[in-house]
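Each chain carries a letter (A, B, C, D, E, F, G, H, I, J, K and L) given by its place in the written order, and its residues are counted from 1.
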Amino acid sequence: MTVRILVLNGPNLNLLGTRQPEIYGADTLEEIQRRLEQHFAGRDVELRFHQSNHEGEIIEQIHQARTWANGIVLNPGAYSHYSVAIRDAISSVNLPVVEVHLSNIHAREAFRHNLVITPVCVGSVVGFGWRSYLWGIEALLAHLSR
Amino acid sequence: MTVRILVLNGPNLNLLGTRQPEIYGADTLEEIQRRLEQHFAGRDVELRFHQSNHEGEIIEQIHQARTWANGIVLNPGAYSHYSVAIRDAISSVNLPVVEVHLSNIHAREAFRHNLVITPVCVGSVVGFGWRSYLWGIEALLAHLSR
Amino acid sequence: MTVRILVLNGPNLNLLGTRQPEIYGADTLEEIQRRLEQHFAGRDVELRFHQSNHEGEIIEQIHQARTWANGIVLNPGAYSHYSVAIRDAISSVNLPVVEVHLSNIHAREAFRHNLVITPVCVGSVVGFGWRSYLWGIEALLAHLSR
Amino acid sequence: MTVRILVLNGPNLNLLGTRQPEIYGADTLEEIQRRLEQHFAGRDVELRFHQSNHEGEIIEQIHQARTWANGIVLNPGAYSHYSVAIRDAISSVNLPVVEVHLSNIHAREAFRHNLVITPVCVGSVVGFGWRSYLWGIEALLAHLSR
Amino acid sequence: MTVRILVLNGPNLNLLGTRQPEIYGADTLEEIQRRLEQHFAGRDVELRFHQSNHEGEIIEQIHQARTWANGIVLNPGAYSHYSVAIRDAISSVNLPVVEVHLSNIHAREAFRHNLVITPVCVGSVVGFGWRSYLWGIEALLAHLSR
Amino acid sequence: MTVRILVLNGPNLNLLGTRQPEIYGADTLEEIQRRLEQHFAGRDVELRFHQSNHEGEIIEQIHQARTWANGIVLNPGAYSHYSVAIRDAISSVNLPVVEVHLSNIHAREAFRHNLVITPVCVGSVVGFGWRSYLWGIEALLAHLSR
Amino acid sequence: MTVRILVLNGPNLNLLGTRQPEIYGADTLEEIQRRLEQHFAGRDVELRFHQSNHEGEIIEQIHQARTWANGIVLNPGAYSHYSVAIRDAISSVNLPVVEVHLSNIHAREAFRHNLVITPVCVGSVVGFGWRSYLWGIEALLAHLSR
Amino acid sequence: MTVRILVLNGPNLNLLGTRQPEIYGADTLEEIQRRLEQHFAGRDVELRFHQSNHEGEIIEQIHQARTWANGIVLNPGAYSHYSVAIRDAISSVNLPVVEVHLSNIHAREAFRHNLVITPVCVGSVVGFGWRSYLWGIEALLAHLSR
Amino acid sequence: MTVRILVLNGPNLNLLGTRQPEIYGADTLEEIQRRLEQHFAGRDVELRFHQSNHEGEIIEQIHQARTWANGIVLNPGAYSHYSVAIRDAISSVNLPVVEVHLSNIHAREAFRHNLVITPVCVGSVVGFGWRSYLWGIEALLAHLSR
Amino acid sequence: MTVRILVLNGPNLNLLGTRQPEIYGADTLEEIQRRLEQHFAGRDVELRFHQSNHEGEIIEQIHQARTWANGIVLNPGAYSHYSVAIRDAISSVNLPVVEVHLSNIHAREAFRHNLVITPVCVGSVVGFGWRSYLWGIEALLAHLSR
Amino acid sequence: MTVRILVLNGPNLNLLGTRQPEIYGADTLEEIQRRLEQHFAGRDVELRFHQSNHEGEIIEQIHQARTWANGIVLNPGAYSHYSVAIRDAISSVNLPVVEVHLSNIHAREAFRHNLVITPVCVGSVVGFGWRSYLWGIEALLAHLSR
Amino acid sequence: MTVRILVLNGPNLNLLGTRQPEIYGADTLEEIQRRLEQHFAGRDVELRFHQSNHEGEIIEQIHQARTWANGIVLNPGAYSHYSVAIRDAISSVNLPVVEVHLSNIHAREAFRHNLVITPVCVGSVVGFGWRSYLWGIEALLAHLSR
């Protein structure tokens, strides 16, 4: 059976590639998407990508995922540090979520060490550029196959 | 004269009934709405319900209420804990607001004890499930009839 | 069957009416009591009122309520902010408690935002003058009839 | 016209003289009372002394003082550092209060630097042994004669 | 010569046995008292038991113990966490005090980790049910026989 | 060459003129816009105005400004105090930003002293009503002409 | 033998009378000086007054007082809240110091509750206008006559 | 009528031009003064410049400005972060003050985010090099012409 | 059946008797061991003593105790205040642990009030010199015999 | 060329499988090792496993890895939260380190949210049981092949 | 070539010898100066000594040292704990500074552990009486000869 | 008589020379040892060097020093910031200890400003590379010769 995964990206990630490449790398979000699709091509996995700068839209994407997805890989961007509403959205649906970050947020400003969403996720993959998504999806697949 | 009240609900409350029923109860938002309408049926009160997951939309609902409503009953959901913008929206309009919560937020995680909107409200009703709305509306009506 | 409720008031509430009327209103505790009795006159509810400035006496009233009451509506006054002993008294008995406050304590001094008793209550009604008691009792009745 | 002053002492002050004389001095509360009476003998001042270890009784003494006193000189003892209830009692009555302490509490443990009652008093006299009462009464008399 | 010990219990401990037995055990205070009396029956020890929910009364029991007791075993209950007044009462008398707790307060809510009375005691026995009293008394006897 | 500037306003600023005029003044946002246009009429400056109550839309306005603007004058309103996402949007684009505020936020509630966006701006102009925009634009023009 | 006292005033006290009279009263420093001289006229007390806005000069006045004064009455003004250097100056000389304040600093902004000099003083008199000096001098005289 | 403005500079600003030019720019204080004088040459404005490294002298310059100036533009330098005495000097005189900073202090060390003087100023201009003074003066002129 | 108990001592306890005897007493660890062995001589208890200054070795002693001991009496010394690793070791094995301290750590420096291991122990005996071990063992025996 | 990786495990991880299986899973460290060896069998990767409960030994393993390894996958266990010495060991060698955790430490006690080692690592994989190692090694391999 | 060093002393150090000799020793500042001159007599070093109680004068001494000195040995006294202005003075000049203290400030009151100047110094020598200056000068000479 | 000194180095200092030379310099620990031996060659001083990455071994080196050394020069490395156990080891032996650091820890990360060992040392020499040891030894010799 096909496993369906929502790969959900938060604010400013649409600018990837042009945005502070010394921190986030030179890949655009489309390139990351293409690589992930290639990587999971031969496997029974469907990836749907979504990016939004709107907290409310991220919440609603999580809500709608209930109707079609088996799990979510989420890069909440800056919302990681204060969006209790996204945290509650995850608690509200019955789907496993894996949090990913491109950069090592623990090595950056102190306010990025406060993580309000991670406690309601299965786990996190942090600091490996586009591959954070790669292993985040793998981790989610393994979690789902338990 | 008819008293017009905006009953405004914040993020994730559209999932009521399915969302963590051990905390929020088994009622859907529609059922709560129906009960409240029944309860106030014989009285000269008009209730308009709105739910949004978007902080900006909640702000704009509060703005627009100036043109038609006498007061607001607000369940800000997770925004209760960080939305200074919703707080400022309430300060910006000349309408009394009563804050309500389904669950006893004081008995939950520490970050839910930080309440940034309550100081600009008339008062709050917390922890009584759908009846928090019921008495919140009553409290608002009494406040308006002063 | 008659529902018996202890309406328990903490320190300084005996001065209601003369005490900072701009904050607490012009009603005396006796007037509030009379209005509540009138309001619940036709219903099968017995209200017993008690006020004490003594932390120990409030604790003992809660203890004794085990023998006769179905629940408690408590205005802990200033003890709300530090009396772990009253909190423990509530945890020690098997009775639902609803906390009420006349004024919106969240809009007052910062030290009044620390609530040590609320986490062991069913919920709270805050900021509506004497009507905080009214809806606090209603909320308790609804809770008991579940 | 005679000025009537309540000199109100909080917990453990009944042990003065035997209690840590290196901090509080060798005088008993009775001796302090006698000296104060002698000092104000020829003036139109009536001093009534009361000591209680009960937070509730201190509150009630403050309440009752409304009916007979022009002002209060209060040594709240250890309640200085956490009794919001005594603070509220002072706010509840319409009497000027001067706070006094025998020892220099600012030079003792850090928890004695937190003063919750002082903000609602006229002022304070701290650190001069029994004479803290002496000048506290003088300060109150001057305040009343304005 | 007979050693006289005051076993002093603070707020809510009169409800032992019925109060949260999963935390405090099924023994009543009377049963604990009986066991302790049996245990020390053959030894030259006199135990006097007292329980009060009143902070002021606990203070006065400590004051009066100066006239008859050699030491105190104290379970301050919830007052452990904020009663500077009881702490000062102990500093005011010249008697060794051992603090005891039925439950392991260090394993409970964070606010129970703040101990304001312990610094002026000889030591503490915490977490062993009624036997906390048993070894608390033994510890006090050993301390007195030095 | 014409200098193009985005004048971007955050939540509740659409209510200017009616909103708390004692804090924010009696000017509407349209009047401010008109005055600024008049002021810069004879100079080679194009001002585009935008207001949004939505955090996500503010982020996207900043993103789009990359394609047409030389710089941004930003009044983030209440988002100043918690929107790490807007901060990251500014870091993501290569445009100088000047932060402006109508009122002196440093003289208001303590939570308004926390500024998460200012560190990634060129500078700020705070407290001068509509003229904060005026000098904010001037400062941006001077910065761009370096 | 004449008792010599330095009455030392810190920053901004030279503006007394014109400075925020609703807080500090309408008396100038000269008027306060004259009243104090009148009050102590018949007694063997010499008062020398000094005011400085300079932290260094206040320190040096304290140093020089060693050579002629028996004690100091000090109103450190705003330096009360951060001048460790003045605190150390007091610890460096062998003179008793009484701290005085015109207004009740405990009832003002939170940063005025931090008192770094008081711990090395004999005591303090706070909140009684010019009479704070009066009783501060009396307290110092009593302290010196021990 | 000529508007008279004191442009007052705090500690280390006499070293401008040589001091950390990567933060503060290459202009000396004299050059800034000359540019400002040129800028306001044709207008009815008199600028008097003063720089001091002494907290006490800054306080006294503010005091003396009462006798001749219509307002003050103040760069308090490092004193911005701890001088309650300068804050009180501003509160003591009846003159509007605008605070300016050459560099964006919000983008520097955390201790520079604490601003004790700004709350008693009209507003602030921060981060635009010598032009912070330019617009600070303009803002003050606009404030005075209201 | 014989009960086997590991009495495990942490860093610096090998110096007992010579180390700060005013705090820790004049007994060496060997003397304490001998007294405890004498005390439990006639009872079916085997005590094995171990002391280590190495955090890792303490962890491994706890691990190994799984294979032979019924419980542990642990004096973690300074590791009490920061060794999460020892805490986790206790959580990792299925053995009851009683924490003991020779001195009353609550009456010493503030950093000794932070207890990271106590929450995973059965209880603690603190402040009674070598007898803390005595009653710690008794408490463990009672716990095991439940 | 063969890539050599040190898989280094900190305190208590030798008890895996028996230790709190509800948190850490039922796998032993040997089983995890075997699975990882199988997984990387066909690839040019050499894994060397080491576990130690000793902070000093972990430091020395990191030091020695300089002489033979290309990178390190580290599960610091409880040392994650306080071992600045292990952090410095990583900074001292020129090897990339990936931090892994079996459980989602962000969802556990607050003291486990403090991460002192992560800032000097490449990134982290947290919460996926033995697979945290799997993707940690993959991430390290990808990092090394850049 | 002669190395020129400013030995700069802050507030209250002019009282050395008479000031709290149990903390600061019995040497006067003149005696320390004489010993240092003797010690460096045969070497090509010129020491110029200056002491001031004025923060502003210390700043100006640092400024003037630019014109003649190769480095500074600074004992900032109490200003160590709050003078950001002295810190900025050091950052403003291009001279190496070594901080020295007579007493071990780390073993004294908690507020003396906050060091605002040390981060911009080369290093510090703390706790060795007059010899702190001796090795501070040696350290500066070694630093300069690099 | 020969003075015997233990020069004790903590974790990661064995990597000196290769470890972050921009912070710690290019000298190896052996080179530093050789230079110190040369420096003290002609004087009656015996230096014994020891380095350990193990907290427990550092503790035991301090214990053993009692039997042969006159004092200790200690560079605790990262243990400076959390090892209460090493602090207690120093308090347990009767030997003067001087703390040294190669780099200026006050100019580095905030967590390196917390010093738990320094309060029980004689003093400290910080920031002068290998010469911190040189003057640390000199300071210890001077301390011993008092």
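To be clear about the criterion, a residue touches a chain if its C-beta (ideal position, glycine included) is under 8 Å from a C-beta of that chain, and two chains touch if they have at least 3 such contacts.
All figures in this text were calculated on a predicted structure; none of them were measured in a lab.
Listed by label, the chains that touch chain E and also chain G are D. Counting hops only between chains that touch, chain G reaches chain L in a minimum of 2. Among the remaining chains, those touching chain B as well as chain J are A. Counted by residue number, the contact pairs of G-H are over half the same as those of G-K, the matching pair from G-K, A-J or K-L.
Homomeric contact chain G/chain H: same residue numbering on both sides for under half of the interface positions. One simple way to say how far apart two chains are is to compare their mean CA positions; for chain J and chain K this gives 47 Å. Mean C-alpha positions place chain C and chain L at a centre distance of 63 Å. Each of residues 54-57, 82 in chain J touches at least two other chains.
A complete list of chain pairs in contact reads A-B, A-F, A-J, B-C, B-F, C-D, C-E, D-E, D-G, E-I, F-H, G-H, G-K, H-K, I-J, I-L, J-L, K-L. Across the complex, chain C is touched by residues 104, 106-107, 113, 115, 118-128, 131-132, 135, 138-139, 142-143 of chain B. The touching residues of chain J, counted against chain I in their complex, run 10-12, 14-15, 18-20, 52-57, 77-79, 81-82, 111-112. Touching chain C in their complex are the following residues of chain D: 54-57, 59-60, 63, 66, 82-85, 87-89, 91-93, 116.
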